[in-house]
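Here's the structure, in structure tokens; my notes come after.
As written, the chains take the letters A, B, C, D, E and F, and residue 1 is the first residue of each chain.
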């Protein structure tokens, strides 16, 4: 994990997705029901996963339904991205909200991605801390779901995520870059960004798309 | 109905949902496909319900397809919230638009909630009158649906609503508070808001979530 | 095709949809999953269609998977609206992005409508060029889909579109006006807009909706 | 309505659908969620429509929630096909069951088609009376839905149906033949059946499909 | 739990659903995606629940992914009905198959209900042991899901089920009768069955439905 | 391709799916919307793929919309399984029917798998030729879809299929075995079948599931 996630700031979800495609990794972009709370924020960091199960009864007296969730948040390191897998899209639960955002931001975590719902949207937006989610709703998880494991492989919005994987999000969506290929992906993606700049300029000058694509091979 | 709806201005959908949960009322938040036209507006008032049926033919000559709808709007009192149940989400009908908004606002009504679509979105946003809906689309109800009853119990986006129930909406969604429990719910919710403020401050200071949750019991 | 599309600038999607309804054409508004990237932009122009098929393998060596797409874009004339039919809504492909937008805008095209996804949303918004789409996502079509025909009749978000049809989009959605009826539709729609203004003013003065509707027959 | 429905006994849903297609009527086959309770029965007759609306409360004391339904069934004539439109597919209501089947069969009606659910399936199958439905479930309509109109145009499983239209069902599905074209459709369909017999025999003899299709033009 | 489940043999899902409706319990019939493997079998017994969570990784070495499942099956008593909640309908997992059926039948259990898939359908049908499921598929749960709790309240196909609740299934679907009301429900349902017999006979004689309903009040 | 498909007759979809799982190939079972027309037939053979695209207009005069389809069927060899990918499930098209079945059976092909609909179900069942499909419906592809490529990789009901892959279907569903692993899969699956027989016998004798699983490791 020697790559510094900040190298990705010059990139975007589309170019990362294309680069992963070029390596035959075509399932790395989360489904489009995943949207950012704030379109202007870029999310970059390494995944810390949490896995939820549905429950249909109030917690037993004395039971702490948030136990694993609290452990995960208190264990976050700077640059971590919380990835909460709820078998979404879901109408039933909002596993993320203002207080967890506050606690995570205080530990330097980079953001949160969940295929569940999110609540306290107004306050989270004011913090300008990136959250990508499967929808918005006020429903607490208590009595509806419970995080049962953390730092295990999960499926979130169609993508397999393991703790330590690079996670990148922007207005175009969320892309996950497996650790094994991250150096290769980032190197290639930086090259592609530069090629796209040349294409854009040629097209702005009014060149035919057919000619530009023939010369630069980028669309 | 002695409670003044304005008491709810200090509250939010999440805390109201948690409070209803604590009373065992876990089906009071509308499904997340319901979204505000304007994220910044708070909706507070008492429900006035309308129930639609699908139709598949133009109205007969001389028939007024908007008859019940017009009766409902002309009967609105200050603080009323129009709740239109279309068995949504739907792709077929937009029962609400600019002219109904203008007429309702002129009577002092607080807003509109519908699991159908809404049209004339630009003009409604300019009026800054809160509307929560199941989507946006230009399709008039004429020849597609008809309000057949008003002030009857309806199901809207998964929640049973009766005329007179308290309706609360903000960016996190729409919550319905049955009349029977409204005093209890509002009292408890105001207490919870104050507890959340303490949690937030502790977390901002960098306290462990585990410690804060142990001490305050709020997440 | 003598009608100048700019005549439609005083209109909106709702009034056009009502007018088409009044002629018995009730399937001309695209489904509500179609949303503008920019709520403030109006889209007006004549359709140029492209039809996609799904593919499940990388293009053969030497094959240009964008061939028909490039032909379509290079053939655009001022005022054309690109209409891309992907059998959406889809989670799999984003047939439109920044470079195609740049090339199309350079040729004077008016905008793009697709039931597929769109990427490079930030850059497209900065260009203030109207795009209506079935969602947002970073996934290139290469290895996932291919435009196989252009300027053929397509179904896009529930509406049949032929090259040359008038396309109108605003915040309320996208409406397609078949060539055969465009003169009649535009004429009637302009009349209806003027009637709505009278209704609005009467309602703002506090008149009963029943009275206004009786007098003007517009809702 | 001079055509005798019994003429259709030699036909099948596929050939009728093809024939309607050949006249440009491509929306006449109900969606595939509509299935027969008994795969071996053919349904032929003229539609008698009923239109349901959702309700969310028990009927008022003294109110008969089945009033229009009873009127429709008591008014059935021999050869009528009950067509119940519930805006299906639905999980909520089973508008058809054993007692309505018994009453309808006693009047000589030919069968029932509904995009709602059906109950009492065992008894209906024993009667060998054809029912095509959107699913099976035990839920009575009382307190959930109500037939509000009869003999009005309805949409059932994607097809517009008017009382008097010919309805044909077999294991392949349900097809609706509008009155205006029924003579033409039945004549052409009988011809096509005869052509298919020739194709089948040639193919059974092992002829190439390309040759058979070239010669007979039927697939 | 003094009521003997065998008392229910004279009943059916429709009459039980109506009876529960009459007590205001309108959410007791499972959704119609739940179908019996064998239409001719009646399922009667008391629920024993199991609750699954999704997993996305192979079990750790030495871990038994079936542990709770095995405990539940080995603990079954005669007359128990296994109720497996998988947050269905699902495409991902078949928690029930031939070996579990064999083991359960050997302990005298009455049947199985799951909103997941079932496999080994041929062998289960040959045993004539009633299974109601959300679909059919070959996919083992190992590496896809895990039963994490048993004998806890679950939601299965839209109905809350607690261990000990009466479960009734036939070709019309599955109905759950909460323990608190079972005596009342069974008593009323037996009365209703007798009334339906009278209605049926009158209708078979050709009486008007309106007259029969007026006299007997049953439809 | 030395393995003789008839070796698979002693196997079933569940044991093949488990064996593929054990090799880490967890996406080889088609989704459960795929069902056999005849529950009692086993399908075994090698895939011959066809890929469809949607179309929305009648074929041009002189154009043969079935051209590629006819080529595929006329090129079938004994033991081939036709696999038609329509991006299903779909409500729009039935690419398979009686005449294609007759032609394919005459060439010795083993069966057909399609995520589209199938028509002429009665006649196909009478031929006892195995067809697995995404539903039943009468709608011809002409004017709705067109096979554009054959013997290319396709995705059918969630599984990637290449011409030459082994395809196995029975009442539990359809499983695809990639050529590279077919020898290994079949060998392991035959072993597992034998282990399951031992488990079954022990459970029938009333042994505890926990003991049987401990001893044989099979569930």
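Observations, loosely collected:
The criterion applied here is as follows: a residue touches a chain if its C-beta (ideal position, glycine included) is under 8 Å from a C-beta of that chain, and two chains touch if they have at least 3 such contacts.
Computed from a predicted model, the values in this text were never measured in an experiment.
Of all chains in the assembly, those touching chain B and also chain C are A. Note on connectivity: the fewest steps through touching chains from chain A to chain D is 2. Here the chain-to-chain distance from chain A to chain F, counted in touching steps, is 2. Against reference pair B-C, the listed pairs D-E, A-E or B-D yield one interface repeat, D-E (criterion: more than half of contact pairs the same by residue number).
Look at the CA centroids: the one farthest from the centroid of chain C belongs to E. Here the CA centre of chain C is 40 Å from the CA centre of chain F.
Averaging C-alpha coordinates per chain places the centre of chain A 31 Å away from that of chain C. Chain C and chain D have Cα centroids lying 36 Å from one another.
For chain E, no residue reaches two or more other chains under the stated contact definition.
If you draw each protein chain as a dot and join the dots that touch, the picture is not a line, a loop, a star, or fully joined; it has some other shape. Contacting chain pairs (ordered by label): A-B, A-C, A-E, B-C, B-D, C-F, D-E, D-F, E-F.
Residues of chain C touching chain B in their complex: 12-14, 16-18, 21, 26, 29, 31-33, 35, 39, 158, 170-173, 175, 196, 199-200, 203-206, 208-210, 212-213, 218-219.
Across the complex, chain F meets chain C through its residues 51-57, 85, 87, 148, 152-155, 160.
Of all the residues in chain E, the ones that touch chain F in their complex are 64, 66, 69-71, 73-74, 91, 94, 97-100, 102-103, 106, 117, 119-122, 135-140, 142-144.
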